[in-house]
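Chain nomenclature is as follows: A, B, C and D, assigned in order of appearance, with residue numbering initiated at 1 for each chain independently.
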Amino acid sequence: MDLLGFARGPALKVALAVFCLGVVWRIVGFVLLRIRRDLNKPRASALRYLGSGLLAVGTRSWPHREFIARTGPGEALGYSYHIGLFVMVLLFTPHIVFIGGLLGFTWPGLPSSFITVVSVLTLTLFLAVLFRRVTHPVIRMLSNFDDYFSWFVTMLVIVTGLAATAHLGARYETLLGLHILSFDLLLVWFPFGKLMHAFYLVPSRAINGALLARKGAVS
Amino acid sequence: MNHSAGMSTANLAPAEARTPQARVAGAMRGFAQEIGALSAFRLESCIHCGICADACHFYIATEDPQYTPIWKVEPFKQAYKRESSPFAPLFRLFGFKHEVTADKLAEWQHLLFDSCNMCGRCSLICPMGIDVAALIEQSRHAMFEAGLAPKELYHKASHQQNTGQPEASAEPYRDQLLAIGSRFSVEIPLDKPQAEIMLCVPRTDIEHYPGAVAALARVVKHLGVSATFRSDGLVAENYGYYAGGKEWQRDISLRLIEQAIACGAKTLLVPECGHAYTALRWEAADLYGKPLPFDVRHVTEFLADELHAGRLKLKSAITGKTTFHDPCQLVRKGGVNDAPRALMRAMGIELDELANHGGFSFCCGGGGGVLDIERAAPLRYRAMENKLREIDDTGAATFLTTCSDCRRTFDDAKVHFSWDKKPHSLLELVADNLSPTGT
Amino acid sequence: MERLSRLADIPIRLEAAPADGGLGGGVTALLTELATLLERFAVAQESAAIDLRSLPMGPQDRVLLQRALGEGEVRATIDAEGVSTIRETRIGGVWWVEHRDRDGELIAELLEVTRVPAILASAPDEIAAGGRALREQIAATAAHAPLPPVRNLDVGAR
Amino acid sequence: MTHGRVELLGEVLLRHGISRRSFIKYCTAAASTLALPPGMGAVMAEQLRQAPRPSVVYLSFQECTGCLESLTRSFSPTIESLIFNTISLDYDDTLMAAAGEAAEAARTKAMKDSFGKYVLVVDGSVPTGAGGGYCTAGGRSSVDILREAAKGAAAIVCVGTCSAFGGIPLADPNPTDAWPVGAIVGDKPIINVSGCPPIPEVITGTLLQFVTTGKLPDLDQHRRPKAFFGNTIHDRCYRRPFYDQGKFAKSFDDEGARNGWCLFELGCKGPTTYNACATIKWNGGTSFPIESGHTCIGCAEPGFWDKGSVYSALSTAAWGKSGESRPLEVLELGGAAATVGAVIGAGSAGMSRLRQHRAEHPSNNEPKDG
């Protein structure tokens, strides 16, 4: 079996299994911890504060006016590479076909050349993000193995994907094999590191928003 | 950093001396009591982006990364990963995370107490929606259980738990309260067996701002509502909340709860004290174990309701250019957003708002018990410079707030910085501008 | 041998026919390369050729290229194991060379940048052989002998 | 056809009435198929005329004769097909008039006369199961015949994916235990000309280049001449612009297919297939599968038959015995994994709660706080 066959065959299968297992393990593992009812009388009706929670999912996507001056640039950097990632992952036809093959549905993609441009931009932003992580005193202090390894794994997928598209360094099928293999690695790492925030983002914002709204406070 | 550095510099009461093993066991006990699905989710969600630093006035003032809010709970993140996270068995098996040491906990005393007002501003900035302030409050509890609460907070909490008063006073507060009544010629309703509203009072007001105590009595009298103070549940503050002693916090709250129940009050009226509001409005029922059989309202909420109902009429107050400091515990963490402003509007006050106001207001710097921690003062002064600048920038002649601790902090700054502004009580202003109803 | 229809004989729609008569990117690149080769030839007298069959060209690209280069004045055919056509394009120095086999299938197609494509010229040994052949012919005519067949192939059989 | 002196190719060609211009012309064509610089045609013509007449022995093993069909299906004989099919082919049991023992004798003679010099062309894989009994000729197994013929060969050219990589006979479950030639013969230079079948011009072009230069051409990692196998179909495909623009046919009969859009989504293996189909094309340069509206099936690549469905796109998951993943199979797989995850997660939560409980209620021997 060649590298590509291995990457999109057994390796992918194992990686998907580890991914599903790990994600559910991690979520179930903390959701089943104790849940305390909040006995304090809410200021707003449940419907109202749950609605505010959902609203917070959107509003928390961008810093409040009071914070923008300090955090705007950093958040813009963060969001822009995420948008780049979304475009690359979800709007590149081979990726759509990949997901379609697994899940049975597809959607229209964007021109490959456009995706290539986005990928290069995203790659640049990724380097900028790393630079920021190692130079910003706060972020450097907070960072641990998880942060660097998650960065590395994601970066690896982008780099191998670009190399495969541009035929850089090796034969296409080898590069494609490495690309898929690096994605397999990402799938395996996903549940164990900070990449899990993809699952946490929406509920976390919603819960915080709802709890603040329950008290009638701004969220 | 040498191994005993943390412990040797910790700010401890003699009563809190114990072995390192006992400290760690205590911290783990406190931690275990706090951890649940919600706090686990918060700890899980952190992506180490460091954005919370930009909400914190301690970081903004110093640019010292250790004041990053989420960093302040680092030992508890570590403990969570090792003890309670979904992969905790793996973390323990492979030793990815070590057990938190007593030294590390002691080092963090400075971060969890001296440099955090629990103001909750970081909880508004986190892009992942983590309530960092809630985590800090839980961490303080574990620190308390480890015997690492700062000595000032520990002593006051302990004293209050035992006696009902954070500190001994020359005369009991009950007597002082009555004395304030005679001094300001206002009737102090005390120990009525039955009342609609139960009143309590910040001991800060008794000791420093008797006018505010009188003002409370005056508005109650003016409105003609049935209200009473209770000798056995007089003090609004809750040092258990500051120190992280949840059981003490419960015991302290219980005095008020029991008295309110005893007099059949429908409302427990929280005076101008921010953290008392949080402790009673948003935490007491949980510690009490069941919903409270009465409402907890801040005095400004109560007055604003009376205003809307037409029972309270206010005269125009002549204050000149005026600004207002939103107490964090009331506004950002308590949701009392509109009531203070409704009262000021009713007195014809057009506010010149601070650059950061409402839910985004910066803390005065004294909250969370920091005002009481002696060694925290230099850092506190640095952190509050920005706040004072914001107030100065409005050019306001009158500076109002509605929390006695905030007032104390600003008054302290007045001396320290030779600052030319004096914080005024909104309640006192209301009491001074009561307009006779029906005329 | 029964032949399949040639692609040109099958009525198919040309792919991606340009709406406005513009050139595709591939054709433009090819024309640019030709221009470069012509300039080099002008300076260094260096012949060059572009192998059209090695380029990924769709049917439409060929039409576009023909349209762009046009027809020149010279058109020569060589009849050797099939017909070869050598056409000068409207661009001086650019020759469109097509080699076909005996069935008329295209076996090579080039754009040559040169004064005259080499295959048209007679080779020196052929010329020498031609001279000998002609002398023999004259001699034979003088002797009223029958003409020997002129062989054009014995160049290599020295 | 033995001579005291080695006959030069030029002499043979002249006897067949090939003019100089014809020769240049066909060498130009050959240079084009070999992707040599266009000016190389004339140079090659001169070299070839001076080369000795090559001897070619063509052996067919476990195969379908498609490769030979391809080789002989050039519409008219080109010079190189003339050289190999008529002039040099000393043994080919399919094409030669002789049969039976006479044919075997011809092979033995050719191998003896040109020992060490002949080019051995093999099509078909070599079955080794049942003692080699799945494929025999004249009572001898193909393994034996190959080993014997390989001894005197200057080089072996494996024509077709079967001899080069094992091809379809080697595909799962490989009932005859078939192997490619390279797995049987280890001590001879091997050139693989893969494809099912290979393009005729690629077969003859490879032979021509070997004869012209006497050296092995530049080979890729699968020992294929880079001149023909240096680029993917995708790279040289005239539909590539549509890939870059993101225009894809979604079925073989939709608007996109009629517009000639890229067939990637329909399973085209062009991106991972190295061959010259997109440039040399088939049937005398008429067309190639993609131009005819079908996907590339990747027939020139090792193991192409076991790499998933011809119609599933390259970037899809491929696992399982058929080399394919069914749509929604991932949900079953993920569901099973998630169930296990949920159990472990619940277990870890239970363990955490137990530890929490123990921490909250320390036993008496644990230190008391003050």
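Just so it is clear, contacts are C-beta pairs under 8 Å (C-beta built on N, C-alpha and C of every residue); 3 or more make two chains touch, one makes a residue touch a chain.
Values in this document were obtained by computation on a predicted structure and should not be read as measured data.
Engineer: If you average all the Cα positions, which chain's own average lands nearest?
Structural biologist: It is chain A that sits nearest the middle.
Engineer: Roughly how far is subunit B from subunit C, going centre to centre by Cα mean, in whole Å?
Structural biologist: Result: the chain centres lie 94 Å from each other.
Engineer: For subunit A and subunit D, what's the span in angstrom between their mean Cα positions?
Structural biologist: 41
Engineer: With chain centres taken as the means of their Cα atoms, state the distance from subunit A to subunit B in Å.
Structural biologist: 37
Engineer: Report, in whole Å, the distance between the mean C-alpha point of subunit C and the mean C-alpha point of subunit D.
Structural biologist: Averaging C-alpha atoms per chain gives centres 33 Å apart.
Engineer: Can you list the subunit A residues in contact with two or more other chains?
Structural biologist: 25-34
Engineer: Give the residues of subunit C touching no fewer than two other chains, as numbers and ranges.
Structural biologist: none
Engineer: Find every residue in subunit B that makes contact with two or more other chains and list them.
Structural biologist: Counting only residues that touch two or more other chains, subunit B contributes 35, 84-87.
Engineer: Okay, what are all the chain pairs that touch?
Structural biologist: A-B, A-D, B-D, C-D
Engineer: Could you please specify the touching residues of subunit D with respect to subunit A in the complex?
Structural biologist: Residues 221, 232, 234-235, 243-248, 264-265, 271-272, 274, 301-303, 307, 312-319, 323, 325, 327-331, 333-342, 344-346, 348-350, 352-353, 356.
Engineer: Can you list the subunit D residues touching subunit B in their complex?
Structural biologist: Contact set of subunit D toward subunit B: 345, 348-349, 351-352, 355-357, 359-360, 362, 366-370.
Engineer: What residues on subunit B touch subunit D, complex-wise?
Structural biologist: My answer: residues 15-19, 21-22, 25-26, 28-29, 31-33, 35, 83-89, 145, 147.
Engineer: In their complex, what parts of subunit D are in touch with subunit C?
Structural biologist: 10-11, 14, 17-22, 24-26, 28-29, 31-33, 35, 37-39, 41-42, 49, 75-76, 78-79, 236-242, 258-260, 278-280, 283-287
Engineer: Tell me, which parts of subunit A touch subunit D in their complex?
Structural biologist: Contacts found on subunit A: 1-2, 4-5, 8-10, 12-13, 16-34, 93-95, 97-98, 100-104, 109-115, 167, 171-173, 176, 180.
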